[in-house]
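The structure appears right after this line, and notes come after that.
Here the chain labels run A, B, C, D and E in written order, and each chain numbers its own residues starting at 1.
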Amino acid sequence: MTVSYNLDVSSVSFFNFFKLLFRWRGSVWKSIWSELVLWLLGYYLVMVTYRVALTTEQKAGVRKYIDHLDQNLDKCVPLTFMLAFFVTIIVDRWKNMFANIGFIENTAIAIATLVKGTEGDVLLAKRTIIRYLVLTQVLVFRDISLKVRRRFPNHDAIIKAGFLQDHESIILGGDNGRTNYWMPVNWSSAILQKLFEDGNIPAAPLFNSVWQEVKTFRSNMATLCNYDWVPIPIAYPQVVFFAVRVYFFTCLFTRQHLDMEDTKTIDYYFPILTVFQFTFFMGWMKVAEALLNPLGEDDDDFECNYLIDRNIATGMAIVNSKYSDVPEMLADKFND
Amino acid sequence: MTVSYNLDVSSVSFFNFFKLLFRWRGSVWKSIWSELVLWLLGYYLVMVTYRVALTTEQKAGVRKYIDHLDQNLDKCVPLTFMLAFFVTIIVDRWKNMFANIGFIENTAIAIATLVKGTEGDVLLAKRTIIRYLVLTQVLVFRDISLKVRRRFPNHDAIIKAGFLQDHESIILGGDNGRTNYWMPVNWSSAILQKLFEDGNIPAAPLFNSVWQEVKTFRSNMATLCNYDWVPIPIAYPQVVFFAVRVYFFTCLFTRQHLDMEDTKTIDYYFPILTVFQFTFFMGWMKVAEALLNPLGEDDDDFECNYLIDRNIATGMAIVNSKYSDVPEMLADKFND
Amino acid sequence: MTVSYNLDVSSVSFFNFFKLLFRWRGSVWKSIWSELVLWLLGYYLVMVTYRVALTTEQKAGVRKYIDHLDQNLDKCVPLTFMLAFFVTIIVDRWKNMFANIGFIENTAIAIATLVKGTEGDVLLAKRTIIRYLVLTQVLVFRDISLKVRRRFPNHDAIIKAGFLQDHESIILGGDNGRTNYWMPVNWSSAILQKLFEDGNIPAAPLFNSVWQEVKTFRSNMATLCNYDWVPIPIAYPQVVFFAVRVYFFTCLFTRQHLDMEDTKTIDYYFPILTVFQFTFFMGWMKVAEALLNPLGEDDDDFECNYLIDRNIATGMAIVNSKYSDVPEMLADKFND
Amino acid sequence: MTVSYNLDVSSVSFFNFFKLLFRWRGSVWKSIWSELVLWLLGYYLVMVTYRVALTTEQKAGVRKYIDHLDQNLDKCVPLTFMLAFFVTIIVDRWKNMFANIGFIENTAIAIATLVKGTEGDVLLAKRTIIRYLVLTQVLVFRDISLKVRRRFPNHDAIIKAGFLQDHESIILGGDNGRTNYWMPVNWSSAILQKLFEDGNIPAAPLFNSVWQEVKTFRSNMATLCNYDWVPIPIAYPQVVFFAVRVYFFTCLFTRQHLDMEDTKTIDYYFPILTVFQFTFFMGWMKVAEALLNPLGEDDDDFECNYLIDRNIATGMAIVNSKYSDVPEMLADKFND
Amino acid sequence: MTVSYNLDVSSVSFFNFFKLLFRWRGSVWKSIWSELVLWLLGYYLVMVTYRVALTTEQKAGVRKYIDHLDQNLDKCVPLTFMLAFFVTIIVDRWKNMFANIGFIENTAIAIATLVKGTEGDVLLAKRTIIRYLVLTQVLVFRDISLKVRRRFPNHDAIIKAGFLQDHESIILGGDNGRTNYWMPVNWSSAILQKLFEDGNIPAAPLFNSVWQEVKTFRSNMATLCNYDWVPIPIAYPQVVFFAVRVYFFTCLFTRQHLDMEDTKTIDYYFPILTVFQFTFFMGWMKVAEALLNPLGEDDDDFECNYLIDRNIATGMAIVNSKYSDVPEMLADKFND
């Protein structure tokens, strides 16, 4: 489920900031705490080993090596650049995916408005078109979202939920039929064609409009599939995510207080700044990880199951509405 | 209310710059002054504590720790990168939200132009469509803007303002009916369909055009809702805003003049550069905070209430206009 | 007036570069010279004061403070980042404004092509539509561009220029009538509707097309208004422009040659690198300032008055053209 | 073949990260391992030469030179900036190319829905249009993708695959006829025109819609050709790729442990940080190289041959479908 | 002519990289070699002057000044930032210009498909429309591209090439008539209107479609003109290009080996790293310079003359084609 926080930031103030900061669901804290604990464990393990297990001579040798790492780490691992640009690219992709997530309203209103008749067969046809479109969404989402797959592991589950009917499942080839992916859209188009031929869509331009809306919904679904088919080349996230881990693994050693004799620097037991740095960079990377597959199972991922239910409910309600449902037109109070 | 300053920057000059700088409403000064005062209080508290309350030995210990912080702070908190990229993403989002804020003119002119008849029932129908569209805007804005919610806390307030009528409120389910969000658009479409059937819209392509405009207005509203539904993942602003605060909290200590014996550096009592730095980074962050929810209550947020009033007034005026209102066509003075 | 320099850069060469560099109109030199002179005056004032008016002891005190500033300035004022990202956002905005500046050709050709008849009332109607569209542009530009406001301070000036007629001015409410901003577009639409009803536009799809073009022109104007209504939040340019000034004000002191005894560094009297730095950063900022309000009065701002004249001339010429003006079709020389 | 990894990142967790990291196909490891081995060979060659073959005096001379390189390398080779911005531009281009890769569904559904008749000549016409469109894709892909060229080295191969027929190949001029590139689209359009004239497309707006879809498919192909015709200016990748190689070539020397007497730094035999740096920068560059020509032969490149097969299969299946194939409409289970 | 290198990068490998690197046409080497030679001459001139002509005392004085420059240069000239962001903006502009360069195919296919008749007057009309469109392109390109201007210095040259005819040149006002820029498009529209009235375009929606294509072609041309009319404000390239030159001019001095006594640093005679740096930054800048005016005369600029010839040939071939040219439809080999 996405995490909404707009009310917390409706105005800029110090206290709103704190409200924002102390949210847990979807928060940076939730996403990094486990790795931070792991990192701290590693840190103290290194600390104890160094201070207790090593002789003074060994310490000197280790220190020389760690100093060498420390001096070159930031030059060799360009974290900020990699993260900043990678996140920008990922956010762009995430935005486009959301723009193609598929809302039924426009299509449903087109069907309700441009197709005449609100009874009997025509009504059934309208409802069936809506059902086929949402069915397409279900079929597509099953292949790209684990959550939806879990809800609809097979055709039976879809039939039980009402999106599919037995005889349709057979035509689709049942659970093993994968190639006939877009068939329901084709059926919708055929039904539209029939409605046009029977005169229920009174003119060609209107037929055109309805069909364009159906096409748009289908194109959205196709775009989602394509984003799934051709992700950002795997080497890019690999490089970025690996760089972050290498950096902080090295920090396990370089951020230790090593020089026991030096009286000018203080001996500290909690690497507070490194913990902050871990929070910022790891949190930044987690944003990228979460956005990389927005149809996944993170707190912030799109709520595909909710969307499916909302689409079928809204779509059906819209095509069901009749002209007689429109409230009587009464004069309004606005002056001219 | 948004803050306009275009005339101040109509030409590039040194004085125009000052005019721009000394604006208060929506300014960076207004947004940061309270936190800056707070920060300075903290700064002087730390200063007095350090200089008065600590013994020389304690001072030495504290200094060592603060020196350690000072040397690593900038490496560990990549403020510039985070702010720069975050603001870029937020500005893009803000721009898109404004592009979908919903202006009625195009729809109103389409209705006025493409639907024949300016009297009686047809006029009422036109006015009602406009009213329903603005009503949709009111209903949507109530859910995403605190200011509009405060103006219209319940259906009664909307009815009193004239956007809704009693019998319509009942159909919408009153204050508790939330699911029938898009019903007014559906009613508008139905009215359009009726007008087409009755011959008031003379041809299918024109019906199409009017309907497309209504759809566009609705899509704008839906886009706003979706932006509200799926914000930038909360972890991103958390990381950025937290980083800024951590940075300046640390600066409370690291920007002190600590070495009382050192004769080479000067003892200063006002951290002028840090105050500037605070202004720049905090101001930059405030831009991001303000843009994060542009429908909120900051000086620079979109004026939703004004927009609603403007939309209903302009929309009604446009659909009211008759051909007889068009001025007589006289020859113009331009040569060929 | 915009400054064209494309021919200077038609090929990459060392000499073309110099041609580009030594342009004056709209150049970086023109935009910064006055502030650079001011800055140099300040610089020499500080130099003289320091060298002549201060005792050696005072010098030492001042030097310590200036050294402190010098060491921290670049850390505290992130000029490059702020300017780079701000300019990118501003350039994007500037590009969009130009894309909506409003060219009449498409609309005019649509009217000329899709409306039958090139004589008498039909011609007058065509000319009037063009005039109304350009009138809208005049009315909008008056409110967002100082130059156009100066050319048309009141309705009389617009009437004298021929864009408006007396009886139309009265309907618009004269100089004080502001709310009826979009009335001329409404009139144009009404005239189009009349032309369609009278059969001068032979089919609904063509009516549709013409109307869409009129709508596009209006939408362009509305977009310009909206950009004027909702600028980049004022805090953003304030932060950026203030940062640049603070930086160079501090440089007045930190870029002095202070240590008179030091024999290792040279005593210099002209801060050549700082002058270059001033040129680059100030020039970069000036680009941002100039683009912030592209309808203003800078050398590089859009030539709104020219555009208005060009639109009315081109528009009238296009709608005036008759089929008989088309040259006789003769066989061409191209082989198949 | 593109490499899909979405399921690996469906939620953010430490283990998913490792799953992602240890993929081989298309991975950063696969793309850099050979150059890394080469680099390490060079590194040890330099090491051995320096330590074994040089006298102490020679060592001193070499060291001075290498020190000079080391101090200036990062200033002189702005790797991060160049790579970050170059990759951003390339990713944008790659995205656009994929958006124009050409999916047949929309066109096929348009033909199936808007053209009446599913038998005999009409069916043949529909199938032929699909075939011509995919043929266009084959012809275009042959010129811009080595893989497709290898599959279809000449017209005979295309004929054998069924996309082309003998008499069509003759009209196209056989293997040497290149100018008549877009002829098949023209044939498709002519067939559509015939279908319209014969009444199989019942109305002009529908004819229009089908034709627009055919045009869109053709425009996609034209866009691909244009991207091939006008690539990013060659100087840009040259500069970036050369910079990366120069940097790491210099590192062969500067990352050696040179000062044998120095007891403060450790003598190391494996340049671990440099290897990491090599991985990050080289991997980043490989992302750019792979995306630069997404129709090439890398693991992550678009699967053009698969797309062609998929398009012909899907397209044929869609236009073959008859209304009688649509499942019987039965009442659904959703409440109103 | 644009330089194509896609085949060289069809897969990522070390050898492909070298193939790419050693291209000459349009390469970074070609664009920088002359300035690099110039720079090296300057470098050795400075070297010789310093080493031979100056006394030890003078050397000391000069060295102090150069050291001062060296320490502050990178701070004062933010080359990477300026180049990176400038190139990004320029690439975006370049992309848009190419997208509007004007390909005739879509328009030609629209005319061929939607206008009935392939003989006599109708064919002549079709050919004339194509000719007028390409003529518009010629007229526009003449004003924004030096190469095209050189090919068509006056109307006679255009007439000789066949794009224009004598009686048309007279109407256009001959070589001095500039205002009637868009007349040929207007003529095309008028011819289309005539074709529609004569029934050669069978329905209004089709007329609409053809006209939209003509309009799109014209809009492309208008966009090119506007890009020419309103370039990036001149101050921006001035700042960037000047900064690069100032930087490397200063490097003439700061990259010398100055301290003859210092035994710790080596005396070198070829500034290898600076030459690399020159290559990278100068090459990067040359990319920007070349893209700034993509209609110019660089190796990588768009081939306007070729495009014009291609457009007229393709356009004529497309409108010439008759239905009888379409190959006989035979059953294909694909299964269902």
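Note that in this section a contact is a pair of C-beta atoms (placed from the backbone, for glycine too) under 8 Å apart; a residue touches a chain by one contact, two chains touch by 3 or more.
No experiment lies behind these values; they were computed from the predicted model shown.
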Where chain B and chain D are represented by their mean Cα positions, the distance between them in whole Å: 39
Cα-centroid distance, chain D relative to chain E, in whole angstrom: 24
Multi-chain contact residues (two or more partners), chain A: 31, 81, 84, 88, 204-205, 208, 286, 290, 313, 317
Contact graph of the chains (line, ring, star, complete, other): ring
Chain order, ring traversed from chain A with chain B following: A, B, C, E, D
Residue numbers on chain C that touch chain E, as the complex places them: 2-7, 9-12, 14, 17, 20-21, 23, 25-29, 31, 74, 79-81, 83-84, 87-88, 91, 98, 103, 105-106, 109-110, 112-114, 116, 202-206, 208-209, 264-266, 268, 272-274, 276-277, 279-281, 283-284, 286-287, 290-291, 300, 302, 313-314, 317-318, 321, 323, 325-334, 336
Of chain A, residues touching chain D in the complex: 31, 34-35, 38, 61, 64-65, 67-69, 72-73, 75-78, 81-82, 84-85, 88-89, 121, 124-125, 127-128, 131, 144-146, 162, 165, 167-168, 171, 179-180, 182-183, 185-187, 189-194, 197, 204-205, 207-208, 211-212, 215, 218-219, 222, 226, 228-239, 241-243, 245-246, 250, 286, 289-290, 292-293, 295-298, 312-313, 316-317, 320
